[in-house]
Each structure stands twice: as C-alpha cells, then as structure tokens.
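These are the structures, in structure tokens.
One chain, chain A, appears in both complexes that follow, with chain B as partner in the first and chain C in the second.
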Partner chain A sequence: MKDMPQTVFVVDDDDAVRNSLRMLLKSAGVHAEVCASAQEFLSTYEASHPGCLVLDVRMPGMSGLEMQHELNLRGATIPVIFITGHGDIPMAVEAMQHGAFDFLQKPFRDQELLDRVQRALARDSEYRARLRHTDQIRERLASLSPREREVLDLVTQGKANKMVAGDLGVSQRTVEIHRAHVMQKMEAGSLAELVRMMMAVAP
Partner chain B sequence: MTAPTPEVLALLAATIDAVVIMDDRGRITAFNASAEEMFGYRAADALGRNVSMLMTSADRAKHDDYLKRYLAGGEASVLRRGRDVRARHRDGSEFSVFLSVDRIANTAPPQFVGFLHDTSLRRKALATLEQERHINRLYLDLAQVMLVATDRAGLVQLVNQRAIRVMRKPGAQIVGSNWIENCVAPEDRAAARTAFRALLMSGSDEPQISEYHVRPSGGEDRFITWRGVALRDTENVATGIMLSGEDITDQRRAESEAHKALERMNSVSRLATMGEMAAGISHELNQPLAAIANYAQACVRLLRLPAADIPEVSGALEQIAGQALRAGEIIRRIRSLVRNEDVRRESQDINDLIRDVHGLLASDARVHDGRLALDLAMQLPRVMVDGVQIQQVLMNLVHNAFEAQGAEHDGAPFEVRIATRLTDAADVEVSVSDLGPGLAGEVEQRIFEPFFTTKASGTGLGLAISRSIIKAHDARLGYRANQPRGACFYFVLPAHQELPP
Partner chain C sequence: MDATNNGGTKRVRTIIVAGQSSERTRQVLRALRGFTNVIWPTSLESALAQTSSKDAGCLVIADDLREEPVDEFLQEARELQRNLPIFVITDPDDVAEAVSAMRHGATAVIEIPPSYAALCEEVTRAMQ
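== the complex of A and B ==
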C-alpha cells in the first residue's frame, strides 16, 4: 500500500467559516478539502484516505455528533477535531466521550488549530503505519508452511532446537533448516525481533 | 230618656268615629253605625245596656264609681280631655281607642256622649315605622359600602357602621361635624368640595362618581370611590347629599402590584426568550468572528511567504470586511431585542418588521433543523404598533412552532411560515403557521392560560404575554387549525389611517 497524501477534511455548513478554514490550512501548507454538510462528506469519504476531520458540532440536517456516531458505526478511525460555539460545551464533552480527538472553541488562534491538526495527522499516520506493519506480519505468516509455523510457535515459546525436535519428532538438523526459513520469510534479524512481531499480531 | 232627634241620628250615622251616648246611670241610649262596627254589637242589642260592657274588666268595675262621684258634684278627669283607653269587643278581644267624653248640655238628668277613635291602626303603623327604622339601620350597617348623608352645609346627618370603621372614630364624632373638613384628606378636600357642590347643583338623580382619600383618625389614608346623589325635599330642592363609598385602597394597590408584576414578567419573558435563543445567537455571532479570525491569520501567513499571492490576500481581506459587517448586523438585531424601552407605537410597515427580524428567526430555524418561509402580501396599509413588541411576539410564535415540531417530519426540513394578508375589513392579518401536529382539543382550550405549557422546560408565559401584547394593540391573538394540518396563530392589526397632510 503506497502512501496517499494526508488531507484535512473540513465539514461546516457556514460558507464563510468553511472557506476561511480552507484558506487558513492552505496558507499553512496543509491540504484541505471542504464539505458543506455531513451527508456530503459521508457519501464521498473513503476510510483508506489518510488525514483528519475538522467538524462543526452544530449543523442543520445531520449534526457533527450524529456524523461522528455514523463514522464509529462504519469503523472509521479518522481522528475528529470538533469546532464548537460558546454554548456547545456539553456537546463537546459528549463528542470527547465518543472518541473525538480534540475540540476547539470558535473563534480560535490559527496555531491552536494547526497544532491540533498536526497532532491528529500524526496520530492518523502512526495508526495507519501500525496497521500496515501488522498487515505485513500477517502476510509473512501466511507464507509459512504448516511445519514452519509449528517451529515458529515453539521457538517463540522459548524452546531450544533440541526440545522442538523432540516435540515434533524430527531431527534437530531438520528443525534448524525450518527455523532458518522462518527467519528469512519473516524478515526477522533475531529471535527477539520475531517475538515482537508475534506480539504485535497477537489477538 | 229622650230619643235623639232625626238630625242627631243623621249626624251620628255620618260620624266615622264610634259615638255612644249614655244616661246618668250609664245605660246606652245611642250607638251609631261606627260603634256597631267597632264593638261588634248591633245598636238594638246595645241600647239600654250598661256602657261598661264595652270596657275591659279593669275599667268596668271602676266606671260606675266614676259616674256616681261625678254626679255627686265631683270632677271627671275624662271630660273634655281625650285619653287612650282599652276597649272590649263583643268577641272578648281588647283593643286601644282614643276616648273623649262630654256631658251633653242642658240634659237633666245628664247625658254623656262618648267619641271613640280606634288607635290600633295608628299604633300598628307606629310600630311598623319603628321596625322599618330598625331595619333601615341594619341595612345601613350591614352594607359593605360606607354610607354618609349630609345636609346642604355638609354637616353629617348619618353614617353607617362601615363608615365608622373606616374612619376609626365613633359615630358621635362624625355626625354633626362637617364631612369634608373632618374626614376628607386635606389634599383631596378641594376635589371633595367640587364634587359636593356639583351634587347639590345637579338636577339628576343619576348617581355621580367621585374619588378621593379620607383620613381616618390614627391610620393611613384610604382611597374611596364615591357614588353620590342629592337628597331632595318635596319641592325638589336639594337638602343634602347621600354618599355611598367603596374603599378601593387594597384593590388599587393590588392592581398596581399586578401591573408591576406583568411588567416584570414582560421583561423576564424577553430575557427568557433571549436565554432560549442565546445558543442560536452565540452560534450566529461566532460564525463571522471565526471566519474573520481564520481569514486574517491566513493573510498573515500568506504575506510572510517570499512571493505573496496578493489577489488571494485581497480576496481574504474583502471576506473579512464582509464578515465584520455581518457580525455588526447580528449585534444590531440583538440590541433592538434587549432594549427595554417604554411601549412606543409608531406607524409601521408590518412586512418591514417581519423582514427585520427574519435573520434572527432563521437562525432559530437552523438550530431546530427547520426552515422559515415568508409569505408577505404587498401593498398592505400601515399599522400603529410597537415594532419591538410585535417582533417579540413573532419570535415567540416562531420559536414555539419549531419547538412543537413532531419527531417525524419525513426527512424534509420542518417549515414555519409567517404570512401577512389584507382582511375583508381592510385590516392586516399576521399569521404564523406550521405543518406540525397542531393542538389537541384540551390544549387548544388552555393554550393562552398563563403558566400552561406543553414543553418540559417551558414557563408557560410566552403565549400569555404575547396575547397581552397583542391585546395592548387593540387586537386579539387567536388560534386556528392550519390547512391541511398543523397549527396557526394569528392576530389582526387595525389599519392605521394616515391623516392627509
């Protein structure tokens, strides 16, 4: 999976707020896409698209909170920064309880927004990297033969080659060959690294 | 014993009083028709019998002695002087008569004539009169109003208990004194004198109303509303006046308190309406402020770049100017709402008032995911209204409509419509209607009652105050079912006739 550019999605029904946000983000070198409603965003958004969401709490039609709920149902992991008015603090609290990344009260300093956006983007890429990493490990695991997988499981339990050979009823030499294949296929430089990989994908 | 002459008989027959003539031994020699009627004896039965049969047993025993003493040369106390005595009817009942007796001149042996006047009726009339006086006194004293009668000079002739209680002084200190100088509060005496003179001069029996304070001894002045009439003699000359006064001090105080409470409620309601809309207003105001901040900060960043994109920066600056004006407009509208000025009715175009408040109402609509539609008739006559108050009513009605929208509205935005139209009577009707659930029968009955509410957090004052505002504009806030469904609140403002220049 190749890296897509990170995008800040802005969803706000107010033309002036929406367009000024796009301009502010652009002036800071951040790529932004804007939507005038939650429905518009949901109909075009793909979960594979990295980035973060800047979302107005209070909108006609589907509110920011309802949209967050919808994203949660879809299993979307995109970090959400809510922007709220003065009277919306209880809503902001509710949003945080439902996993919002952060919230900002209007009007705000550009640096406050940009800092949060940067942190949200970092969180998203970190998460996606981790996701990519475990995907790779699973792919490599899938490439092992059944016997190699057995050897891997026993080795990562801390058993020596001799004990593995005894458990599997094969010669120690055979275990050594399987083990070399496992290290190669898993692209592991050491037993310790192999153990970390297995912990990363442990259920 | 000589029989009466025909002239005497005729005279006796014509006399209304009972006439009885007796001889020197007390025997009846004449008994006229009135006597027959008074005593129940026929003349034929009475003649020749002793007159004592007409007397009570107490008098009867003494009568013969009186007669003998007189004939023996003594005095008779009864002669030529009338006196009240008791008489006895044939049926045994006794009654009062006024008796005068005289000796008939030149009779020998002497004869006596007695005239008997039945006084029972007079006594009864006197007793009745006494009772009536008593009842009248009770009437006066039972009355919940103060009653005062004076003569022409203003000297009190009569006061009732109520007046005595209000004045907190004994009746004896009021009766005989000058009403105005003695009882009326000094500041109001001139007014009381004017009312007094007007009553004496008036030719009418129609009660005249006046209002002034009285000053009780050792108490606060009481404010009394008086109904007065002139008392007249048989020549129709005013001899004095009669006043009935109602103490309205407490009532006035209560009215004034109620008025103050309503004023307070009005401003509380305005604040409450503001509170309910505060979220919408702060959202509304935050939008342009946030946009301004964003654009300005973007400009700063763009200008720091080595090759600043001047057209982009100038576009952002234009946006900033526009958003600042938008914020100012919002503030102007809010200020016009929180102004707590006196009612100022001016000739206004109702459509302008509605358009003026439309922005704020639309923000309320947005908060409720709704839409506000205007359906304004052109060429309407102007109306005399307090614009802010009418706008407050509209805000209340629109806000209620959005609050009342049902949970289900088919996905479509809930629409509230403000409409104006010319009525058949050429007045201006303003209506606020929606396509919501409308009002159930029992709700419709009570919807204008203060403190009646269907909202969980409502005060129940909004509609009541709206109605009182509309009432103050000589109009009525009414409700009717909307077509094809929903609720419709409306009021009709009288067209303001512009005076030709």
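== the complex of A and C ==
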C-alpha cells in the first residue's frame, strides 16, 4: 500500500502569517494546508493523515492550547509545533506538558521553523511505521491457534520444548511442530526476534 | 507532603538541588526545609548519585548552571530516574530554554525568582 504524502497543517488566524508559511513550506518542497481557525481544522482533520501541525497559540474562538486539548481527547498523535508572538514560560510549559512537539516564539528565522517541521515530520513518520509494525504483529498473533498461542507464550518466557511439553501435557514432538508453525506464522527468524515482537505489543 | 509510613517510621522525601542557585532561590528552597529535607550536593555527579536514593523526592536544577550543559545533565538524570520529578529554574521569559528543558525531560520549569507558594505547590504535587 502506498503511503499518503505528509502534510504540514498550518492553523493561524492571521492571513499574512498563513500565506507566508505556505510559501515558505512550498519553497522547501513540503506540502502545506492552511486553516484560519481551530474549528475549521478540527472539522476536516483525519488522524490517518500523516504530517504535523503548526499552530498559533492565540486565536479568536478556540485557542491553540484548547485545540491541542481537543486533539488529545480525540487521541490524535500528530506532532504540534506551537508558534506565538506573546509566549511566556507557563504557557510553553503547559503546551509541552500536554505533548507539544515544540514551541516557537515569533519572530523566528525561516530555517528555524523548517528544521523543526522536518523533525516533526520525521517523528510522525517513525511513529506511524512503529504502529504499522505492531499492527502486523497483532494480525499474525490473531492467526495462531489457541494451542500455538500457548506454546508461543511459554517459549517466549524462556522455557525449553521439554518444559513446555510438561506444562501443556503433550509430547515434545508436538511442541516442536507447534513451535515451527508459530515461527512460520509470526514470520520470525529466531526466538530472539519472536521475543522482540512480543515485547513490541506488550501492554 | 509525601511521608511514607513504613513500619511505623515516617520516611521524608528529599529535594535534591543541583547547583547553588541565586540567593533568592536559595532562600525559597531553604524555606522548604520546613516540611521536607532539602540537600545541596557539592557536585553535579553527586547530585546525580543522590537521585538513586530511595528517599529522593525530586530534583531541582538551580539557575546557576548556565555554564553547564543543563540539557545534557537533565537528560542524564531522566535516564537514571525515569519517574523522578525534575524542576528547572530558569531566567524569566527565557521561553526557548524552558522549551528545551521540557524536551529533555523536565517535569516543569519555574522562573526566577521562584515564589515560595509556586515552588511549594509544584514540588508537593509532584512528590505526591
């Protein structure tokens, strides 16, 4: 499946700022979409869309911090870069405590913003790759039979086939067969890889 | 304040202060001694070592570490103690430094001069 292109969403009530940021991002080869208000963004945003968000703190109606709160309630993981002309430490700390990726004071250098946008996009990309990986592992786990799942749990606890056989009340040969099926279905090349997979999806 | 009743003995959590801090900050931190232990280890290494103590309640990185790599120190402390509340005291209005501290693992950033009430509230909440 082809990945969706990354988009930088810019939410700022100031026309001039929106347009200059769009031009700046375009000049750096980054696709940008702009919104004039938090409500406009929230009404169209889909969490499946990869990218990052450049968000003004002070806007009429819903503020940037309120919008971040709303995104958190929705479980959105999009990295948020706050921009503000009137930032102070308590505001920055609050934004960061609630998961902001960065907090930038205006005026800032173009390159400063572009660097942060690139880092935010990289983080989003890594996060989504990790998510895809764990989804794949869960799909493979779901394909195991109940007995295979029992064998998987015991071997990843470090138990040898003989001990697993004793625990399950079956022959060692049966365990070996189940174990081979587990390795095949999980697409694991080694026990160590299998353990890493289980750790990746552990609650 | 966090005082654990452990077999009948009350365990008082310790505030570890890295750096000597300005006089105003020192006064506020000393005032916290009214309800908990406050210690000033003599070096950053010693402060880091103290964070591993079972009595460590929180780490305060004082405002005189400007010559030191604060973010590195902060990151190191965070790696050593994942859940330890860490407060950084910074220059007023230095938003960039505050953001950097938060990115490197600070629990909160407090501006100079810290008010007793603000620091007390933050520390108490974090140590609960």
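Note that in this section the second predicted complex is superposed on the first by the 196 of 203 C-alpha atoms of A that agree within 3 Å, B and C clash if a C-alpha of one lies under 4 Å from a C-alpha of the other, contacts with A are read in each partner's own complex, and residues count from 1 in each chain.
Keep this in mind: contacts are C-beta pairs under 8 Å (C-beta built on N, C-alpha and C of every residue); 3 or more make two chains touch, one makes a residue touch a chain.
If you're wondering where the values come from, they're calculated on a predicted model, not measured in any experiment.
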| item | value |
| --- | --- |
| First, second, both or neither for A:21, with chain B first and chain C second | first |
| Contacts of A:156 with chain B and chain C, given as first, second, both or neither | neither |
| First (chain B), second (chain C), both or neither touched by A:174 | neither |
| Partner chain in contact with A:37 - chain B first, chain C second, else both or neither | neither |
| Partner chain in contact with A:110 - chain B first, chain C second, else both or neither | first |
| Of chain C and chain B, partner touching more chain A residues | B |
| Which of chain B and chain C A:96 touches, first, second, both or neither | second |
| Contact residues of chain A, present in both the chain B and the chain C interface | 87-88 |
| Residues on chain C engaged by chain A in the complex (per definition of touch) | 90, 92-96, 98-99, 102-103, 108-109, 111 |
| Residues of chain B touching chain A in the complex | 278-279, 282-283, 286-295, 297-299, 301-302, 312, 316, 319, 322-323, 326, 366-367, 369, 413 |
| Of all residues in chain A, those that touch chain C in their complex | 87-89, 92-93, 96-97, 102-103, 105 |
| Chain A - residues contacting chain B, complex | 14, 16-17, 19-21, 23-24, 26-28, 58, 60-61, 83, 85-88, 106-110 |
